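As structure tokens, here come the structures.
Presented sequentially are two complexes of chain A, the first with chain B as partner and the second with chain C.
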Partner chain A sequence: MSHTKDNLHKEEQVHITSYKDHFSTLIALLLLTVITVVISVFGANLRSLSVFTALLIATVKVIVVAYYFMHLKYDKKIYTWLVLIVAILFVSFAVLTSIEYLNR
Partner chain B sequence: MEHTSGFSLPNSGHNRDAEASKMGMWLFLFTELLLFGGLFIVYMVYRSLNPESFLLASFELDVTMGTFNTIVLLVSSMTIAMSITAIQTGNAKKSILLLYTTLGLAIVFLIVKYFEWSAKIHHGLFPGFEVYDNLPPGESLFFFLYFFMTGLHALHIIIGGIIISVVIHRTNKGLVNKEKYTLTENAGLYWHLVDLIWIYLFPLFYLIH
Partner chain C sequence: MTSTALNLNYLQVKKGIFSWIFSVDHKRIGLLYLYSLITFFLVGATLGVLMRLELLNPGKDLFEAQTYNQIFTMHGVIMIFLFIIPSIPAVFGNFFLPIMLGTDDVSFPRLNLLSWWIYIIGAIMALSTLIFGDGPADTGWTFYAPYSVKTGTNVTMSVLAAFVLGFSSILTGLNFIVTIHRLRTPGMTFLKMPLFAWALYATSWIQLLATPIVGITLLMIVAERVFGVGLFDPSIGGDPILYQHLFWIYSHPAVYIMALPAFGIISELLPTFSNRTIFGYKAIAFSSLAIAFVGYFVWGHHMFTSGMSGTARIIYSILTFLVAIPTAIKVFNWVATLYKGSIDVQPPLLYALGFIFQFMIGGLSGVVLGALAADIHLHDTYFVVGHFHYVMFGGTGFAFFGALHYWYPKIWGRMYNKLVANIAFFILFIGFNLLYFPMMVVGLMGMPRRYYDYLPEFHLPNMISTFGSWIVAVGLLLMLGNLIAGFRRKREAIVRNPWGTGITLEWQTLSPPPLANFDRMPVLPQDGPYDFDHKPEIKE
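This part shows the complex of A and B:
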């Protein structure tokens, strides 16, 4: 049976993530953790760089967790939009606070 | 048969709405994110005011223990995600086993945290101790934020552990099953949030050298 209008309205096709996919996500997260620790421990003389990369890698990890483990990839797009709105709200507050501090 | 309870709507108890439950959980997670977000901004401001002291104080933290706990939380995030896969495919036994694994990892995390905190307290680095009171202001701020933020995070681990125990109990009783697994999904979302917060706490406190 092809996609009738009725089928599209019933959201019955739940996506089930395989064990293998979950395991691959974990491997990716562990690799990113190793990279951060290595950069921090061996790149101690590149201080400003290491703080920036640590935060960058943390953000990549958070996106991986939210997208795969928290199922944003397969859920309705409204969840992704809401997460983005909260993220933008937080980042703009953080940036505005820094600007205020830098202009003293 | 007559209803024994005093008040009952027609069809009451059958109005499950998995989508609404999930939305409710996400909205709650947003309040959690902003709570920790506020604390991260406090950290950011105090750190930019005392860069040298924060750097010095961060060397007191044990990177090995921090890395170990990061790995523990990441693995536990995977096991709880897998327990959802298990219940969706009708394997309640496997789901329960994976939930117990997650619970076990939560306990491991707390034990490591206990040793870390005791070592700091032993060295007098806890608010109220003489060593702490005589630290340069920037360093005592670092430890204050460290204890407050990791403490609040540990509280979330404890609450997450309680939620996971409830899911195990209800799955055992068959109340969570192949058709009805919203509780497992929402417990998973909460547990992933606890992991997300740690992903930022770890580099900010342990790895800023």
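This part shows the complex of A and C:
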């Protein structure tokens, strides 16, 4: 019924993200991209660590995007937990599969 | 909306085929799913009966080995991807979730309609393999590599069909999660939600998070077949065990997509027909989430004989046993709900009791298969086929039929013949157990699955099983015929709460419900959704 949707709007908290925050996030993402490219070109001596480094930088970028651009920072804590649970699941899949592969 | 329009029920608002196939009303979409699902179920069941007919006697009776392989693959693909995965959420979830939450629709009605259309497109793609290309896939519904990469049958289309169907599942899951979070009626906290909604909530998370994994995996099969990229085929550097990992990371949680909504149905049926509150509301609600969560980590038990590492096999075996705990919690609470209840034996309750009996056999045989040492002997035998059907058909299938009988007067505003419904249940119940129990016996004797022929010592159990399939077919036809015949009965007889003891919000509205679901504000019971001591008075 429509009354529930009306209540829904009342419950929502309005927030306005400043230009400064948006711009800082953009700069951070661009910087991290530059670092990824630099490492891939000049970091040949990192060997097996190069994949780990690339994943680490990508993870930081995901967190920044989710936190600022996707408004996780301003939303209820439950949504942060939901995203964390998803991340834990994904890592678990990778870890369990890797355990199997490395012990074969 | 005018008062006249408000008084019209959702079936009367508009007429004509286009008012159905382009409707964004969750109730009509639920029924679109129901009619499509039943059609595909009957196709799948016919293929199943044909398979049993071939296995009536040893040796070749009806089909060549290759045809048999294609039939069991089609049977699996249709029953799993077109029937049992969408079944309860798509039909009863769509129809009743918004009503049970006291709202007028799901959060994204257009997305809801799109999910049905995607489902239909996927179904057409799957069935097109019967006509086009080099015949239906012969790989089994699991599409195991490297055979699925090499076979000349139409695996690519089957796999793409499953990929497309996955989108339908994801959209439904997404819709339900948002609806449950955002559109509950004022006063209905999470812990005042009906248990069916809790079950759908847990299921939706699996649909949302696990389905993309199988989507990508199936696309990898297509890439391997078309471009020969060497992902799974060892002859070009691939790893076939990787395919099994990726496939089962989705497909084991998918078992809970099939089973959890059925648990939700049983949790609704038992309080209504015991006329008392559910025992252990919180335990049942949270065990749904626990099953959904732990279910993500047990996929390796499907791969014990694949050549995977010994360490991993032990880890997966231990994790598998953990799933039994929340499942057992549910069964304990259901039985405790019946204890000292004022039991009214109606057709839906019979299906619920049939569910508990058969699901226990299916679940406990699952524990046998989760035990590493036992599984080595039983893997790929008929024991697995028996176990799987006890859980899926004896469990989810019976819950689906129970829900159909339970909500039938609410959906259509009519009532079926209860005596015929009871008779149909007993025929189905006897036929079911005759059909599938011998499979477990013959599996223990060592008969492998997926062969069109067998040794003479397996003859008797196979014969009993085939007889059972005929009884099941009779039971199904009688049950469906009785429900269809019910459409001709008088509509006026149906009150808001025809069972007299229904307590969730759908029993406060008209039968069938109006377009906006409620003709007056629904009243929540004081102390949770199953507070039989303070039931709101329902006036006609």
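Assume the second predicted complex is superposed on the first by the 91 of 104 C-alpha atoms of A that agree within 3 Å, B and C clash if a C-alpha of one lies under 4 Å from a C-alpha of the other, contacts with A are read in each partner's own complex, and residues count from 1 in each chain.
FYI, a contact is a pair of C-beta atoms (placed from the backbone, for glycine too) under 8 Å apart; a residue touches a chain by one contact, two chains touch by 3 or more.
This is a predicted model, so every value here is computed, not measured.
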Mind working out whether A:86 is in touch with chain B, chain C, both or neither, as first, second, both or neither?
-> both
Thinking of the overlay built on chain A, is A:51 touched by chain B (first), by chain C (second), by both, or by neither?
-> first
Which of the two partners, first being chain B and second being chain C, lies in contact with A:99: first, second, both, or neither?
-> second
Classify the contacts of A:40 with the two partner chains as first (chain B alone), second (chain C alone), both, or neither.
-> first
On chain A, which partner touches more residues: chain B or chain C?
-> B
Please work out whether A:19 is in contact with chain B alone, chain C alone, both, or neither, and reply first, second, both or neither.
-> first
Looking at chain A, which of its residues have contacts with both chain B and chain C?
-> 86, 89, 93, 97, 101
Any idea which chain A residues touch chain B in the complex?
-> 14, 16-19, 22-23, 25-26, 29-30, 33, 36-37, 40-41, 44, 47, 50-51, 54-55, 57-58, 61-62, 65-66, 68-71, 75-76, 79, 82-83, 86, 89-90, 93-94, 97-98, 101
Of all residues in chain C, which touch chain A in the complex?
-> 102-104, 182-186, 209, 213, 241-242, 245, 249, 296-297, 300, 307-312, 315, 516-518, 521
Under the touch definition given earlier, write down the residues of chain B that touch chain A in their complex.
-> 19, 22-23, 26, 30, 33-34, 37, 40-41, 44-45, 48, 55, 63, 67, 70-71, 74-75, 77-78, 81-82, 84-85, 88-89, 185, 188-189, 192, 195-196, 199-200, 202-204, 206-209
Can you list the residues on chain A that touch chain C in the complex?
-> 1-5, 7-8, 86, 89, 92-93, 96-97, 99-104
